[in-house]
Amino acid sequence: MAGLELLSDQGYRIDGRKATELRKVQARMGVFAQADGSAYLEQGNTKALAVVYGPHEMRGSRSRTLHDRAVINCQYSMATFSTAERKRRPHGDRKSTEMSLHLKQTFEAAVMTQLYPRSQIDIYVKILQSDGGNYSVCVNAATLAVIDAGIPMRDYVCACTVGFVDETPLADLCYAEEGGGVSSLALALLPRGGQIALLQMDARLHQDHLETLMEAAMTACKGVSKVLDEVVRQHLQEVSVLTGE
Amino acid sequence: MATVQVSEAEKVYILHGIRDDLRVDGRGCEDYRHTEIETDVVSNTDGSAKVTLGHTAVLVGIKADLGKPKPMLPKEGYLEFFVDCSANATPEFEGRGGEELGTELSNTLYKVFNNKHSVDLKSLCISPGEHCWVLYVDVLLLQCDGNLYDAISIAIKAALFSTKIPKVHISADEEGAKEIELSDDPYDCMRLNVENVPCIVTLCKVGHRHVVDATLQEKACSVASLIISVTQKGTVTCMRKVGGGSLDPESIFEMTEAGKRVGKALHAPLMDLLQQEERLGTKRQKVGFLG
Amino acid sequence: MPTDTKRVRGPEVSQSPLLFVSKPATALPSHGPRTDGRPRDQVDVRPVFVRCGLVSQAKGSAYIEAGNTKLMSCVYGPRETERKDETDMKCGRLTTDMRFAPFSCPERGSWIQGSQDKDLSLMLHESLQPAVCLHKYPRSQIEVNVMVLENSGSVLAHAVTCASLALADAGIEMYDLVLGCAVRQDGSSYVVDPTYKEENSCSSASSENQGGLTVAFLPSLNQISGLQSDGEMTEETLTAGVRTCIEGCYKIYPVIQQALAKAVRRAAPPPSES
Amino acid sequence: MMEVCGSSNVSLREFGCEQSLLSRPDGSASFIQGDTSVLAGVYGPAEVKVSKEIYDRATLEVLVQPKVGLPSVRERSQEQCVRETCEASLLSSLHPRSSLTLILQVLHDDGSLLSCFLNAACMALMDAGLPMSCLFCGVTCAIHADGQIITDPTAAQEKESRALMTFAIDSTEHKVLMSSTKGSFSVHELQQCIAVSQKASEKIFQFYRDSVRRRYSKTL
Amino acid sequence: MKDTPLANCERDFLLKAIEEKKRLDGRQTYDYRKIKITFGTDYGCCFVDLGKTRVMAQVSCEIVTPKENRPNEGIMFFNIELSPMASPAFEQGRQSELSVNLNRQLERCLRNSKCIDTESLCVVSGEKVWQIRVDIHMLNHDGNLMDAASIAAITALYHFKRPDVGIQGEEVTVYPPEERDPIPLSIYHMPISVSFSFFQQGTYLLVDPCEREERVMDGLLMIAMNKHREICSIQSSGGIMLLKEQVMRCSKIASVKVSEITELITKALENDKKARKAGGRFGFAESMPQERITALKKDETPVEMTDVTETAYDIVQKAEAPPQTVPSPVLPVPGMGQVGLGLQNSWGLEDDEEEEEEDDDSVEEQEEKVTKMEVEQHRKEQSSGDVVEISDSEEEEVIILQPEIPNRGPKNAGSSSDQKGAAKSKKRQTK
């Protein structure tokens, strides 16, 4: 394909990780004071900022109001300088509109929207630097932001992309691996019940391998969920120290 | 623009406070809020800076691209400004909501840099009429709490300071066709002289006085403000009245004078800070948004 | 760049033949009288031709011609706001739209509003808003359109004058007229109401003091409603420039006043003495 | 010039029509003239957007969808021609403050497209059961370089022609409802073309009659 | 125009029926509706009927410059047009969620799965490549647009033939089909999308939902596959929570459906090929069902021409000759012209208002005949001096800044400075 050896004979990937190893995840909750919830998350070199406003009254046309649950409104955008080649528009193209739609669907499944009828929850995600796995980083960042906003969810939503090279599933693909013609699968998981909130796959893969790949993706998601849980716990500890409890 | 609702009583309180040179957050009329600057925060760019001014947060990324010089100015490179008012800052900016403010800000930036000395455009030229560097200055608004202009201009100055443009060599082959080669060495790069890059000072007329670095609440009390971009030497590169009210000529003269004073005073510590950070070199612990 | 689907478009890239003129345009001299014979460093505005009420369909309209700069302004309203969700119960809304006709500048423009037009619309809006008694028009909007027919410098200044005249012609209540004036600083000397060439020339490259300044002024209230400058100027020059502009505004004030008075007289002739 | 009008080229290609072939629209029809074929769908009378509401009649919107790419200036002018014809024959004042939408999809263009649009539109409006004061049909005439008149030209014939005219003709008095012309021609030629079109329209109206009779043959 | 809302009782009825494993049209859970594939007259034009859902696909090509990062690959462009014909809810020119979803899914299904050899579309590396554009028009929306679109798109691509090109040195010639036979695209495999809809939080599953079913479903899972059982894309949508087992089951069903549909497409393509070879008639006109009573066809008919020339001649003769007299143009002032009557030109420098002028100024009386042009000439003569305004009696509201006329100068200068002083004393509070 791209002439790159994605997995060496010794079982190491181009950035030195093992097949099932995730990139380093660093996150911080409550980055901004003005928003109801916000979080910043780095997964390797992919950096995303998520902000949550709401639940609040419906904005704009009231015809979208749902009488039995809250409307989730998402916007995904990329900073114009986030990619190696400058982007002309931060959002509004087909790909980012689709991404917004996917985020919306993911969080409609996870957030307990029925608790807030006739209201709206805005989730805005911005990619500051893109190095593969944009969707999953966005989902993870948005999860933290939703938690920071104090909106109840069924479970953490954790997402991860996995690829399939030489009969081996690779967890958490970076940009170089994504571009290398690998069949990649993005999966958003609610780890406790093993429910899949979103599933998306590109490129060819034989049906028989689907199960292994999904298995690997779910394991990776569970790994992410551990990290997220830690971040949340630490954040709460810090906050409780500050509030003196 | 992100706006706040301020009640009449609050307005009176703010107005009286400013009359006595004491603002709600304890500052004087010509004081800036707590400011944090960090350069080189996004590795995909050639230069970047993040500035927080109170609760206002701005991220600027600069990318240098090879382009063709403008036909009227074949010996110069050029700068392109783009301000992205993202929905992160406020839900009002969702979709195309931020576009209006974005164009307003970027148009002002074009005006601010519309002179010969701010950035040496000639140094951005590679081969006249054919190739030049185009610096894309992309501003990302992350949060707004008033005084966007000042925060953006400080961030742009810092980002330009940290910009490293790779050196290029032009080699001509036998047929005379020119080829451009980028230098492989990442340390072999060109830096920009930012000495003359101006900083914008926004003066908000509140009551009979004017304040520097107004918060959203203070902005809501004022009818008009004046933005002045001042270079280190004190020359003004752009002046503009914004807001729905009008100003007395005398107060404009006063405000210009104050703007120049404040602007001049802003440059020295900013340059100091940037050089200090530069000296730390690669050892510097990058904080970004994690701190 | 938004694409135009409403018209049959020309080629995507085209260049003005002016670029290929073998001899580059000689830089304008920075001293001596100006090309149109006006003296430097004096508040000498170009002769102005003003006329109200040309467009019968608009509520109010005005045409202004200063030298070769020609502008037309129409005012519609007050009428119901188009966007119901933005209706303001206390205050009316003023919308401004300033456009350049594609043939107005030496280089052909596009039919679609560019970012420069948007910027000028905004400046126009900010300059006019303080003068209009918007609180008298709750829940309604007033539209001001300015079309530049020929751009020969100082467009914004004349647009402000023209638009305020059209507003007055439309019978919109105002505190005062708004007058505009522009100054171009070129080294140590300045020119008032610069032409297109003077605006875009950069004769003395070495000079520090170079820039343009446009002021919108409310003459009877003595207030500045719009101010914009670019280029490089010292604070003293700027202050002096603002003063010059105010003086320039006073020069055209009687002209505008009289044009307006005549328009009113024609619309409602005074009762005959007999 | 008059003598050259031989009858050899004055004919209509085979034409056909199918009505109510789509389930969603209130009325639909496909019309085929030789290889040229158009699909038409009508929605309405239905709720209208406030901004487009007309207080004393229905708002008619005509949309032409090209086969490739997005609608552009050419499609806009075709929309205009069809809309004006439909507005002339529809009794839109019977449905005030409502919307009528007519969508025309090009399936294949082999000349005389505009007349095919008109015929398809008329059949679809009939199928939707909208009240009309008269039926209408479209006839395209091409004048060849040597002055010969060709009715219902193919794309190749259109290309070679000196002038191209499309007329919409009503069914009651055979008058011209709309005309769209291209190229240069004399007044006499124009009148000739109109006369030919009126003759040709009789055939088409007979076809309308036959197809409606066939359609309702079992219910009557 | 809005879509008709779905009544609650209808919704309950549909869900109840699904719970009882019954479908409105009598199908079984995993049944597809009847698929019909017809071809148009051109190459690359194809109609697909899936039950009542109907879509049209048209493939076209043009030569463009390639993308910079892929200099020797052709470009594939897909566009699904949700024509308002298909459903009243579709608006023209608006990017709805559905349209984005369908377009992206089709792109993923056909472009990302690399089923088309894009490298074979290169003409001159880095300069000229073929862009293959697939336009898909929805003609009637009765559910499962995605599957219909994917079948139509891939069939049209198989059916399409691009013109041959020849390269001689720098020159590239595109041969029309008469000169050289056009060439079909080289396609590696045939991905086909299969949609599954989920009801009641994923408890019930249906294949090929119709429009009514789509409106009550919770979520959708689209799996694109080829007959080699290779998955080309998976996409879940609509905020449902799936379990891994469900996904696996769907992928198994999909593989069966895909092989059935592939066979159908191959057969349809072969039939068309045969028909074209036999030289028989093909295309849309032939596909019209003759047996239906809603359809009628008429063969080529001559139009009677007997008295056409006479009629035309009569009309031309009878018609009144157009008036030959052209109203003579009026020239109010130099450089201004007026033809026709009736309109009072607002630019005109009306003479009649002259009388109404209440002018008491003797200076102005003298200049009665001065038009604007003359004034300008006048100005040039005395190019120095202060600017004052002159009111010319003839020009009603025309005010020209005018060089000083000695006896009026001082008066005006004084008044202007008075105003200046007066203005300064006032100040307005804007709030």
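Each chain carries a letter (A, B, C, D and E) given by its place in the written order, and its residues are counted from 1.
Just so it is clear, a contact is a pair of C-beta atoms (placed from the backbone, for glycine too) under 8 Å apart; a residue touches a chain by one contact, two chains touch by 3 or more.
Since the structure is predicted, the reported quantities are computational estimates derived from the model, not experimental observations.
Touching subunit A and subunit D at once are the following chains: E.
Here E is the chain whose Cα centre lies closest to the centre of all protein Cα atoms.
A count of C-beta contacts for the chain pairs A-E and D-E puts D-E on top. Centre to centre, using the average C-alpha position, subunit C and subunit E are separated by 37 Å. Taking each chain's centre as the average of its CA atoms, subunit D and subunit E sit 21 Å apart. Rounded to whole angstrom units, the spacing between the C-alpha centres of subunit A and subunit C is 51.
For subunit C, the set of residues that touch two or more other chains comprises 130, 218, 221-223. Residue positions of subunit E with contacts to 2 or more other chains are 427-428, 430. Touching two or more other chains at once is no residue of subunit A.
The residues of subunit D lying in touch with subunit E in their complex are 2, 5, 7, 10-25, 28, 30, 32, 34-35, 37, 39, 41, 43, 46-48, 63, 65, 67-71, 99, 101, 103, 105, 107-108, 110, 151, 187-188, 191-192, 194-196, 199-200, 203, 207, 210-211, 214-215, 217-218. Here subunit A touches subunit B in the complex through residues 26, 28, 31-35, 40, 42, 45, 47, 49, 51, 53, 59, 73, 75, 77, 79-84, 86, 90, 92, 122, 124, 126, 128-130, going by the rule given at the top.
Subunit E meets subunit A in the complex at residues 95, 97, 100-101, 103-104, 108, 112-114, 219, 221, 225, 228-244, 247-248, 251-252, 255.
Residues 94-95, 97-98, 101-102, 104-106, 108-109, 185, 190, 193-208, 210-211, 214-215, 218 of subunit A are the ones that touch subunit E when the two sit in their complex. Contacts from subunit E toward subunit D in the complex involve residues 1-2, 40-42, 45, 52, 54, 56, 58, 60, 81, 83-88, 92-93, 133, 135, 137, 139-142, 283-285, 288-289, 292-305, 308-309, 311-313, 315-316.
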